[in-house]
Structures are given as C-alpha cells and as structure tokens.
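Look at the two complexes coming up: chain A is in both, with chain B in one and chain C in the other.
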Partner chain A sequence: MRNPAGWAALTAFSLVFFAFIYAPLFVIIGYSFNSNPVNMMIWEHFTFDWYTGLLGLSNRATDVSNRAAYVESTDQMLAALRTSLTVAVITTTISTVIGTATAIALARYRFRLRGIYNGFLMLPMMMPDIVLGIGLLIFFVSIGMKLSMLTIIIGHCTFLTSYVFIIVQARIAGLDPALEEASADLGASEWVTLRKVLLPQLAPGILGGALLAFVISMDDLVITYFVSGTGDTTLPVFIFGMIRRGVKPEINAIATLIILASVVIAAFGLWLRSRKAD
Partner chain B sequence: MSALLEINAARREFVTPEGGRLAALDGVDLTVGANEFVTLLGPSGCGKTTLLRAISGFEMLDSGTMRLGGADLTVLPPFRRPVNTVFQSYALFGHMTVARNVGYALEVAGASRTVREGQVAEALEKVGLSGLGARRPGQLSGGQRQRVALARAIIAKPRLLLLDEPLSALDRNLRQQMQLELKTLQHSLGIAFIFVTHDQEEALTMSDRIVVMRAGRVEQIGTPRDIYRHPRNRFVAEFIGETNLFAVTVDRIEGSLALARTGEGVEMHLPATGRSVGERVTAILRPTDFTLGNGGIPGRVTRVVYLGSDLYIFVQPQTGGPEIRVIARDGAGTEEGAAVHLAHDPTRVHVLEAM
Partner chain C sequence: MALRRQSVVLAVLLAPVTLFLGVFFLLPLLIIALFSFLSPGLYGGVEWTFYHWNYGRIFGWADGVNEIFEPIYLKILIRSLGFAALTVVLTLILCYPVAFWVSRLSERWRLLFLFLITLPFFCSLIVRLYAWLLILKPTGLLNTILLRAGLVSAPLEILYTPTAVVLGMVYVMVPFMFLPLYVSVDTLDRAQVEASQDLGANRVQTFLKVILPQTLPGIAGGSVIVFIPAVGNFVVPDVLGGAKGLMIGNLVEQQFLSARNWPFGSALSMIIMAVVLAVLMLSVSRARRAGGHA
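And now, the complex of A and B:
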C-alpha cells in the first residue's frame, strides 16, 4: 500500500538530495559562461571567453591591465595539466600491472605470510591522505630525493596499486577456478593460461581498476601537494594555488572541462562494466 | 582386456580445518581397460572426485603410482597428461566463441587454422551442435553448453576422458537423453571414459564397470549386474538400489534349500550352498524379488506409492520386524490394509556372511 503523503515526502527528499549534490556543479558550469570579469557572481552576458582564453585563443583576461601576468598563468596551467596527464598515465600503468599481478598471486598461489600481504595492501587505502602525504615527504627528504614529477609518481603508485588490487581481486574471487584447470587440462602451460584465459577473463576488472586509478591520480590534491616540488605541479595543486590568490572566472571554465572529462571517463567505465563478462 | 590406466596404492591426504588429517584416497587400486566405461560411485566425500582429479593431475598423490598406456603419469603436471576432462561446471571460456572453445586444445598445441577449423566442425558434429560455432557460450542452453564442453574435451583425441558429474545440472529428461548419447559417443570414439557420479541409477545405466567408493577406499568393483545382485557388503547393498536386509539364522537344510528365520520369526528360503545350521547371515532381497501370492511371508500392506504401471508397497510382516519394501504390479489386493503373502525365489536371495 502506498501512503501518498509518505510518497511525496520521499520524492521531495530525493530531489533535495540530488540538488545538494549537483547544484554546485551546475552553478560552476553556468558561471563559466558569465562574461563579468570582476565579480563573477553577477551575471553580465554569455561568453566563451574564459574557454578560449584558457586555450590561448583569445587575449581577454581577468585583469586586462596586466595581460602579461595572465598569459603566464595560462601557460603554467597548461603545464600543470600536462604534468597531471603524464603522472596519471604513468602511475595508472605501473599500479595496474603491479596491482593485477599481486591480486593473481594472492588468489592463486599459497605461500607464507599471505594474509599479512593482503592486509598491507589494504592499508594505504584506509590511511588518511594527509598521513600518507607527510610520511612520503619525510621519506623522500630523509633519503635525499629531490621533489619532482618522479616523487609524485612514486607517491601515487603507493596507494593506487591498492585500488587496482582490490578491484581485480573482487573479479578473481568471482571466477570459476575450473576455467584455469580446463585450460591446463587442454594442454596449456601456466603462461599460456594466463594469456589466453585468465587475463581476458579479468579484463573488465583490470580496465575498471585502471580507470579508477587514472581518475584518482588526476584528482589527488593532498598527497600530491606534499610530494610535488616547485618545478612540477599537477592541475589540482595549481588550481588550489590559484584560488588562494583569489577566484578568477577561468577556474569555472577549468572546472567545467574537468567535469566533462570525468563524465566521459565514468560513462566509459560504466559501459565496460555493463558488458556482460560471463 | 588390455589395461590402459593402472593405479596402484594411491594415497592422498588433506589437512582438515580442525588440523586433523583426512585420507581422501586411502590405498586405491584401479585398472581401466582401453575401451571401458568405468563409473566412480559413492556418497559425497568418498574420494571419487579426488581420484578423478588425481588422474587429471590437479591433485598429486602422496604415495602410489599411476600409469597410462605404460607411461608413468604420477608426477606429470595436468597440461602434459594425455587425458581430458569434462568439468561439472563445464568451465567454458566465456570470452571465446564456441568454435574457439572447442578448438582450444589444438590452438594451444599450435595447429594451423585450417586444421583447427576442420576438426572443430567434426567435433561439433559429433555432439550435434553443427552450425553453432560462432555463438558465445552465454547464448547457449545448459544442454548445449554440456555438449560444447564434451566436444572441447574430445577434440585432442585423448585415450581417456574424465567426466566429473557432468549431467548433474541438467533436468531429468535431458539427463537421460545425455546418458544414452554419452554411451554411444564412447563406443564411436573407442576410448575409455571414467565417469564420476553420486547417482546410482546413472551408474547402473551407463557403466561397463562400477567402482563403489567410501571414505577413500574402494568397496567393490564390478559390472552393474554384479554390484546390484551380489553386493560385497551392507554398504554397497544399501547404496545401490532399494534393499531389504534380513538378519537371519539358518534353521535347517533341506536339499538345495536352507530355511532361515529372523529374530522376529520371519521365515525365508536361501540357497543351501555353503550354509550350515545355526549360522547367522544377512539375506538381501530387492523390492522386485517378491511376488504377491498365497504362500510366503504373511503380512499387511501399510502404505502404497503409485509408480505408474507398478506399485511400491510397504508390507508389515505378521510376526513383526521391519517393514518390507516390495514393487508389485498394479492390481490384485494391493490396497492399504490388505493381507498379503510375499513369496520369493530362493535363488534370488543374496547372502552376506558378515552381519
């Protein structure tokens, strides 16, 4: 039996819930098209200027009187984006390979301290980012390693490997062990079985893990903030620094582009998951 | 009969969760002939699946030896053994087409595409799935998947095919049809099958020989008829088919017949061969061994189960003792409460000397 009042309340609650989550995103997207350079909360008229400015296609800048400073910051932002993408691609590759290999090893082979390995792999995920960030910073400083893109990559790999591991492990747990036995039974060595049966069967999990690792790496602020040097900075760290110097309308445009990229990646991930892997 | 597979004194122990040791195989000897259909039968946990996995190489023996066609198998890994398996879960590769599944053994062995295509088509035809090669296993019915698993296992022409309860997931009609098809296929391939099941009816229908196992040991090996008519002990007698067991004492011997009596006073005739007066033995009679007539054990029908052309009736002997289970023709005087006499042919009685 449906209680009309209860139903209405539930509907209202759901709408409010989604409004809370999505309203800020739509506000940002909306204001990214506002041409008012001084006070972005007051709507002037529609413009693409902030987007074209970001890409270096137009000269309109927040502070028209200080064009040189603005152009410099655009270059810095593009450099940060490049760093972010480079870091994300490299860390995704490394953590996917290590995470997948570890998940297979822990699921399929028996050896001493297996349970302890399992626990250690979960730890970086549960540890607060700030603790991991400080820990990594102290570690790099103590061994005399200069903060650079390399330290960012190492820092990201430490916890992204865990994410990939957990996702691939869940996939292996749901796999019929008889599949690998059938392959061996039909004459395939362990290596051939890995290549022809196990990896293809795990592919959706591996891709899902890689996608997650990529998105988290692109998005990470706290850990990167600690382990990035003066030279190489990622997009989130750059945006964070930009906001501290005052919010410029370009930030809305950057945020909107990031939202767009995230939606595309998430949609791709969902599509991969929905492909039935039986 | 030339021996294809010879297993001697096979032992395999597992550590139980409580830390104890459990012998899944406790000194198993088994010989399988080149074209034989052998069934491993027993309750769950009897070691039949462990024995099958030991033959395929997924379990290594702690001790004992295993030879196939004279070559030592004992320490070979699964992918070097010339035997193939049909798995209970079928274990089809979901990311490959049916044709690639079936041709997997050839692909791994490095056969050329044309050779593969020809043999895959041939194997699919043998199991009645011609034309389905381009499908994915996920698009097939349970029975069709079963046939793909079968085609995949026979394509490399093994001399021995292992089947691990392959029919257990199928419904009854399909299972019976597959039983006959498997038997036909085994004949046409001319290879040995080792079939694991806990279904005694399936074992009786299909096997040349049945190996009855319990607790890691072989209780009896014999033809279905042997096992059914001449079980070696109570366990085999009760596991295979419906059984009436009578603990009797031999009263007297009259020519070729011995008259025996249960503690409650139920009287029956046994073959006299080997019997002596005063001896205590177990007499075994199957439900179909009784006929309803004027002579024999007097009793009353307590329950009737309708089977179709036959009836399954429970008869309480007048003198007392456990109910006797009888299969009788539907008809004369078989309603509940009817007074009946159960006659039997003394030569049909199987005698166990151990109690």
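And now, the complex of A and C:
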C-alpha cells in the first residue's frame, strides 16, 4: 500500500477485528478463576475451586447449593466427556475409512456416475445440520431404532465422511500417478498398488482428514442433540443443556479446558501441515 | 480380465459410501419430504393420508378447518432470511479489509494471523456462544463496564434481542467468510492494481473496476458458506435470542421436541432445504458462468 495513513488505519481495524475474535475467549478463561459463585461477572478473588469441582474434589460444593445434585451433575459431565471421546474415536475411524476409499475411487477410476458422486458428496456438508438431525431422528424412530450412542455415531459419520473425502481428494490431486502406473507395469496387482504405493503417499492427507473429523465430531451439537436419547449425551449437548438451565461457574472451567484442548489440537494440525510441506 | 478386476476394486471402494449415505443421508431426507405431506397424528406421529395443509398453514392457503393460517411462520421465515443476509453482509464488511491486511504482511506474521483466524474453528461453537452470553447479560461484562464508566445509567438490554442473535452469528461465521475471501485477495494480480493507479484511476475506481471483480469469486464463495448455516441455525437464536430473535430452525426444533407435530416440522425443514438448494444452484451456475468467461 502506497499510503501510510491508510495502512495504519487498516492495521488498527484488523487488530480490533482479532481482539473481537479473541476477547470472548479470554473473558471465559479469566472468569473461570473467579471465586464469586453468585454473580460470576463480579470479581471476588482468584480460585481453582471450579476446576477441582469438576473432579468432584472441591469442598465449595457444600456452599453452592445442594451437594448431592452438584456431585451428580459433575458425574454427568464426566460421563458426557467420555461419550464424546468414544463417539469421536469411533466416528473418526469409520468416516476416515469410508471417505478415503471414496476419494481413491473417484480420483483413480473413470466411471459413469463419477460426476454425480462428486456433487453428491458435497451435500452432507452443505445441508443445514438441523435438517439432517431431524431427518435421522424421524428415520430412527420410524424403523424402531432406540436412540443411543450408536445413533449418535451414525449421525456423525453421515457428514464427517464428506469432510475426510475432501481432504484426501485434495491430497490425491497433488500426487504423481506415474508411480502407480510403474507399480502396475512391474506386475503388482491393483490391491498391492493401492496398499503399497498409493496409501503411503496419502498418509498425511488421511491423518489431516481424520484430525478434522475428530475435531468436528467432538464439537457437533445439533445432530447429536436430535439423535441422542435420554441416556448418552456428548459434552457439547451437555453444556448446551447446562446453559439452558442457567449458568453455573463450573461451565467456565470446563469451557476453559475445551479452549485449551482446541489450541493444542490446532497447533498439532499446523505442525502436521508444515511437515507435509517439507 | 483386468477390466473385470478393476470393476471389483471400484465396487469395493464405492460400496461403503453408497450404502451408508444412501441409507443414513438420502433416505432420511426423502422421509422428511414424505412426512411433510402427511397429516399429524393426534398424539404425535403421523397418519398416512395426503395432506398439503402443513404448507398451507405457513404460506396462507389453510382453510381454517384443517389448519389455520398463522402469518407468524411466514414472518419468522423472512426474519431468518434477513438475519442470514445481514450476517453475510456484516462478516463481509469485517473480513474484507482484514483479508487485505493479512495478505500484505510478511510471511512470518501472515502465517501467525492465518493461524489465529482458523483457531476458533477448532474451538467449540457452544463455548464461543456461551462467552457472549456472559458478556451480554444484564449483569454481564459489557454492562458492568458501561455502568462503571458511567456511559449508561441502566443496563443495556442486548441479550435475548435480534441484535444479540446477529452478533452471535457474525462471531461464529467470521472464519468461514475469511478463508475464501483471503484466497481470492491473496491471488489478486497486484500489477493490474498498480497499472490502474498509474493510469490515473483514483482509489474508488481502482477498487470498483480492478480489485472487486477479481475478488468476486471469494466474496461469492464466502457468502454461500456463511448464508447456508446461518439461515437454518437454531443454536445461536436459542442461546442468545428471545422471542423476537426466533428463527425457522427454532420452529423446527419446537415441532419435533415439544409440539410433536412431525409433519409440520418436516414442512418447515423442507423450506430450509429448498432455500439451501436454491442458493447452492445459484452459486454453481454463477461459478460456471464466471468460469466460462475466464
């Protein structure tokens, strides 16, 4: 830019923009250490009580309200976290396998319905999650399937497969098909070429797709909200319910931990990408 | 022989996605379409008779016997479209200058800020919305600051208003607008911009005739990616909006989880789906036209 005053204004605007994005997260982190249980926005003094409370260790529980209810909700939250992790691991595995297979099929084979598949695989990502959520809800109830962890896993896989597909497909597009042709010319069967030549080259893309699938699965709220029954819920649905019932200071602590976890995962993803570039 | 083996491998690769998405994606959408034309059962569920009054109730041809036309549904639909459009415009206004700024930074800073913009994408949506709940509450951070500073005499009522809903949507959608915009701004042909300036065009002319047309694909892409999840959103209005911030997604949720009128909820979902497909088709045909010219 030729105009320094213009550049300064642009810089100021941009920094305000980034402050707008990050300030709310810092608000949560800051208040997760505030000891005031009645009005958590008025600062009392520094405390770790809400973090120890998450683990059921805090004696604050007695003065918050009903101790039994308090411990129960903590247990529920830990159960929700477990469900989230279980669901995320299983859905990541399934959707990575299906998505990768699909990406290979569409990149390496010519067949009549190829264009239709390519377009169709975009739909689960573009369809608003509420539509997919209620569609699955009606479907499961209609065929008499009980809402459980299984229905949550199915729900997540429907759209995560497409995300993995996109990431792996982008990776295949950057590969040199000559290597596979050489493998075929040297007498390797199609399966062997696939396993020993194509898959190793795809590994970073597959890992990237799996990471994305894991993150989105951990974060999904809407589809899980509709297809989880009264039993298993995931962490986002649990937090959603907690917010609806009224805010408790422990939410700040769990939210801070979630923010921390997401920073770690994002940094890991960045590191993965920079390695890929080498 | 070789040909047959290839088709076996292809079939093995494609079978899982075909089966899975066929059963758990396509079929549920078809069921929504079907249910939207059935009549509601007395105690939840459906009765298997053709019934177009679900749509009549929304669009106004209900006869008052089968269903009653309630203009509120149409109003909420229009409001949802309006909120989503406003979200698109606001994210665009916020992201466009910043994308420009980031693209002009040195490599080190550019990578840092690109990382900072993608980071919220990894962070839980519900956590980010919850932060705004803390900020906007009558006793929240914003009002505490404003009151202490003496800027207002009574707490501002922002939470549970349309303003809060649009603010929340802008906040969660910003990364989706930024990335496609950034790609198109980053690949901008700077020689053309300089040529335009050297040839005597002023800044407004250069922007309108050189920069804007070149970044149009990014603007269009970002707008579609923001508009679609915004129009069917139910979490943001649920957490931050009150009665005046209700969107069509909330109506759908109510029909399924409290009112138990599945056919009517399906009809409302069909409208969301129709809006989404219309927007997608529009953007694809626009991209084709633009591609044809290039």
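The definition used in the following text is that the second predicted complex is superposed on the first by the 268 of 278 C-alpha atoms of A that agree within 3 Å, B and C clash if a C-alpha of one lies under 4 Å from a C-alpha of the other, contacts with A are read in each partner's own complex, and residues count from 1 in each chain.
Throughout what follows, a residue touches a chain if its C-beta (ideal position, glycine included) is under 8 Å from a C-beta of that chain, and two chains touch if they have at least 3 such contacts.
Model, not experiment: these values are computed from the prediction.
Contacts of A:187 after superposition: chain B is touched, whereas chain C is not reached.
After superposition on the shared chain, chain A has more residues touched by C, the comparison being chain B against chain C.
In the superposed model, A:178 lies in contact with chain B only, and not with chain C.
In the superposition on chain A, A:221 contacts chain C only, with no contact to chain B.
Using the contact criterion defined above for the overlaid structures, shared-chain residue A:19 touches neither chain B nor chain C, since it reaches no partner. When the shared chain is aligned, chain B comes close enough to touch A:200, but chain C does not. Chain A uses residues 189 to touch chain B in one structure and chain C in the other. Of all residues in chain C, only 5-6, 9-10, 12-14, 16-17, 20-21, 24-25, 27-29, 31-32, 35, 94-95, 97-98, 100-102, 104, 113, 115-128, 130-135, 137, 139-141, 144, 171, 174, 197, 228-229, 231-235, 238-239, 249, 252-253, 256, 262, 265-266, 269, 272-273, 276, 280 touch chain A in the complex they form. Those residues of chain A whose C-beta lies close enough to touch chain B in the complex are 176, 178-179, 181-189, 192, 196-197, 200-201, 203, 276-278. Per the touch definition, chain B reaches chain A in the complex via residues 56-58, 77-79, 83-85, 87-89, 91-95, 104-105, 107-109, 137-138, 152-153, 156.
Residue ranges of chain A in contact with chain C, taken from their complex: 1-2, 10-11, 13-14, 17-18, 20-22, 24-25, 27-28, 31, 39-42, 97-99, 101-102, 104-105, 109, 111, 117, 120-121, 123-124, 126-132, 134-139, 142, 154-155, 157-158, 161, 165, 189-191, 194, 215, 218-219, 221-222, 226, 236, 239-240, 243-244, 247, 251, 255, 258-259, 262-263, 265-266, 269-270.
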